[in-house]
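Both complexes below contain subunit A, partnered by subunit B and then by subunit C.
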Partner chain A sequence: MNAATLDAPDFDAKAAARAWRPPPLIASAWLRYAIYLGALVYAVIAIGTIEVNWTRAAEGLERAGRFLGGFFPPDFTSKGDDILEGLLESLTMTVVATALGLILSIPVALGASRNLAPLPVYLACRAIIAVSRTFQEIIIAIVFVAMLGFGPLAGTMTLAFATIGFMAKLIAEDIEDIEAAQAEAVRATGGSWFQLLAWGVLPQVKPRLIGLSAYRLDINFRESAVLGLVGAGGIGDTLNTSFDRYEFDTAAAVLIVIIVIVLACEYSSGWIRRKVQ
Partner chain B sequence: MLLRIQGLSKRYPTGDVALTAVDLEVPAGQVMALIGPSGAGKSTLIRCVNRLVEPTSGTVQLDGVEITSLGTTALRRARRRMGMIFQEYALVERLTVMENVLSGRLGYVGFWSSWFRRFPNADIEEAFRLLDRVGLAHMADKRADTLSGGQRQRVGIVRALMQDPQLLLVDEPTASLDPKTSRQIMRLIVELCGERGLAAIINIHDVALAQQFAKRIVGLRAGRIVFDDQAEALGGGQLTVIYGEEDWSQTIGRAEEEAEATGTLA
Partner chain C sequence: MAILTRADGTPDWRRRTPRADLLVWSGWFAAIALAVACFQFISERTIWDFVWDAPAQGADLVSRMFPPRWSYANQLWKPLWDTINIATIGTGLAVLIGVPLAFLAAHNTTPSLLLVRAPVLFIIVASRSINSLIWALILVIILGPGMLAGILAIALRSVGFIAKLLYEAIEEIDATQVEAVSATGASRAQVLGWAVVPQVMPAFAGITVFRWDINIREATVLGLVGAGGIGMQMQASINVLAWPQVTMIFILILGTVLVSEWLSARVRHGII
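Right, the complex of A and B next:
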């Protein structure tokens, strides 16, 4: 029994129920229909401006067919040593870069958490994250190749640098979301700042820290396959070389190897993330 | 006098004034209830005592040491003597019961010892003794988030006692508990204070519980102390001063009957 029924005994719930409508996404009816109409007009005009050269498209289709035909059958053997070498190089780059990036990202993540760091430190760490995340890996790789020369070292540094921004940003967000009361309780016992981190913060962010590390390992392997295109080492180098020599069957073999490894990484990182929750 | 608060004021950066010139003294071994409406400054007051909240002005002295002027290291040392118990228990949920209890010793051990969980044997023994005292020794290796509310609060109490405190700061210990468990927790806190000769400031919403378990009641309204007397002296008139106009006749001195009535339901 609520107040409204007490105040108005002749209140007609049936009529009210008939008149009730779920609230629309945009409250004003005028604005709502204006947006619908605008979207429709835009779509019609936009489709009208697309020029499709159907004869070119047909030729291209045929050429794509020939190109893809060159991929079969994939040839794992004639350049087997190169593939294996590239693969091992990629895996090494991935593991080293992930470990290095992770270690460097933790202090940055702590500094980028508003609930732990004073404002100047916070701004500095957020700036590091912003720089690391602004540039696509390829661009960073070009810079590192120019600095360190061709080869896996440039690729490793690139991945480590990208890992810092990725991990620090996401871990900092997790640290900002911790239960403040648990951290407060650790402070109240007379624990030091480092004990606050180890006892009040780390247990709360550990599952995400482990899960993100596994995920980043997976990303870094995928990226390492691309970095070879700008000469930063890894299996991408092998792939690039085989394309340059028109050895499409070897290229197909490399692509299959990459797909298999990426799938394996994805499954294992997914499994790890489920386990630590 | 164990705790001496003089002219304590707190104004938050947002401009909200939580406390205005509060004077309060608590002798050793006294269990005191702090009552008042939400937003009266109860939580702020006890957090100013261990400086989880920095007071704007005024002084706090614990056992002759002026807390308000201490540097970081000395403040940590002083905090060891003030155990704190929280409304939502504030256990570190992903750690075990034993780890939570041992975290009460963090102020006494170095970082690396605490990192590797290498606490002195005497501490671990004391932890088991206290856990057994509150009936939770068999839960030592359970994760804290698997416990019920009442069990968690008992772990919170043990953690505070592990600090070897002189004073307990207790912030709404029963607000998330059912009426029966609330009484058990209040009884436990008061008993343990008696056994160990501890003073306590207990923030509490429930006036009947405050009257039942505390000898002295202090009423806070809008950041000022408006009542400070024996628990029996609290009547309808005083409650109106603290909380505002309301029919108080059913509230006062009814805790026992209420416990019996709700005990069967809980």
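Right, the complex of A and C next:
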């Protein structure tokens, strides 16, 4: 490039058109514009379906002021016992559900790995995973509350059930990706199926197993905070009660407690995962 | 690997030293003791009589739930469409807010580590730690029941998710490309547009579709607190114990979630 083009006073449209551009994400121009157009049409239709009651929203804004005012200052003391009770319930639910879910998810994960299990077992285990992952924890909680009655046990079972699908899917993927040579070596020494698991598979998936357990512990606490909405125990129960009684200062305190614990869980689970991986 | 010496002088190969063995076993013991103690706590708060007749209750529930009331589906298409719209518009809104936040939070693109990055990280964490159902609970009180509360709840929860994953992707980009573009004398905006954005585009598309998929699931239950979508019908059916209708709703949710998961997997597979 010489000085003349750099100093060119008038903008050279042809050169600009030839200028290099980063390649677009979707290579086919036809598909790209079809997607843009589709998205635009969808946005217009979808936004049209929102029925906003503006007068209600305007009233709401005024109420929001009072509502948010009710949040401050957060009141940790007057319902302190309830908050502590809910918190302990949530924490114990989290621990038991993670432990139980982990124990149950390992056989399912082994069954869902194509390189370890025969086809019928594989399909059955994949079906368990699909059912457990499809439904929101809240929906499962409704069923468990109907069966087991109100209280933290229903919440624990819900979280354990959700843990099975999550852990089994990710562990099965990891087992399918293991180095086949190491498993082969264990088999070649005449090791039984269980010895193959202990010496050929487990050492390879262990870091991920620990990392995922820490991650799931973190998720289970978060979820335990909402299960109370359908009566499945935990700090969500406390939160829901305080909303129902219009005790917004207590609700604010509960929200702050949840955020702090989630933060602590997230940092410690991140730390564990970095440590093992 | 530890080598101990037996009494007769031959080496004995062990996986761990006795000390490490003891440590591992006491670790297991502590973990099991904690789980048992926690279960004890839960057990004290459980009415076991209700639990023992759970098999009977479960069988009863299943017998009530089947057969599903297929004709009820006609009333469900509109709420289902609302549910999909809540998830999609919510995700769109979250992208609009989350993307700028991600650029403000990433180490290599933030204008100021202390003044901008720290508060933005706090916003991201606060958004992520509160479940969308709790956001919906709060928004329904402020805005009244309806789709708008649901959309905003989904958006508020997704902002943190999208911003967190995207800023991590931005921090992992190849620095040499950035250097190459800045070496040509490009401005900050040009460096962003030509060196940073093209590198994070695939990650961005993957994150957005992934979150959309999660949001479809979450939008199905927002109706439980009055924030629109198919969850409202679910709540109404449960309240009147119309279990065949609930089964019908579960079937529709299962179908929608499977389709959205398949779609999101296809798109992510196509990009990465």
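Heads up, the rule we're going with is that the second predicted complex is superposed on the first by the 215 of 277 C-alpha atoms of A that agree within 3 Å, B and C clash if a C-alpha of one lies under 4 Å from a C-alpha of the other, contacts with A are read in each partner's own complex, and residues count from 1 in each chain.
FYI, a residue touches a chain if its C-beta (ideal position, glycine included) is under 8 Å from a C-beta of that chain, and two chains touch if they have at least 3 such contacts.
This is a predicted model, so every value here is computed, not measured.
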Name the contact category of A:Val186: first (subunit B only), second (subunit C only), both, or neither.
first
Who does A:Thr134 touch here: subunit B (first), subunit C (second), both, or neither?
second
Report for A:Pro203: first if it touches subunit B alone, second if subunit C alone, otherwise both or neither.
first
When the two structures are overlaid on chain A, which partner does A:Ala64 contact: first (subunit B), second (subunit C), both, or neither?
second
Between subunit B and subunit C, pick out the one touching the greater number of residues of subunit A.
C
Which of subunit B and subunit C A:Ile47 touches, first, second, both or neither
second
Go through the superposed model and pick first if A:Arg273 touches only subunit B, second if only subunit C, both, or neither.
neither
Check the residue A:Ile259 against both partner chains and state whether it touches subunit B (first), subunit C (second), both, or neither.
second
Subunit A residues contacting subunit B in one complex and subunit C in the other none
Tell me, which parts of subunit B touch subunit A in their complex?
50, 52, 76-80, 82-84, 86, 88, 90-95, 103-108, 111, 114-115, 156, 159, 163, 169
The answer for subunit A against subunit B in the complex is residues 179, 181-182, 184-192, 194-195, 198-200, 203-204, 206-207
Across the complex, what residues on subunit C touch subunit A?
31, 34-35, 38-39, 41-43, 45-47, 50-51, 54, 57-58, 61, 81-82, 85, 88-89, 92, 125-126, 128-131, 133-134, 137, 141-144, 146-148, 151, 194, 197-198, 201-202, 205, 217-218, 220-221, 224-225, 234, 238, 250, 253-254, 257-258, 271
Okay, in this complex, where on subunit A does subunit C touch?
22-23, 25, 42-43, 46-47, 49-53, 56-57, 60-61, 63-64, 67, 88-89, 91-93, 95-96, 99, 130, 134-136, 138-139, 142-143, 146-149, 151-153, 156, 222-223, 225-226, 229-230, 233, 236, 239-240, 243, 255, 258-259, 262-263, 266
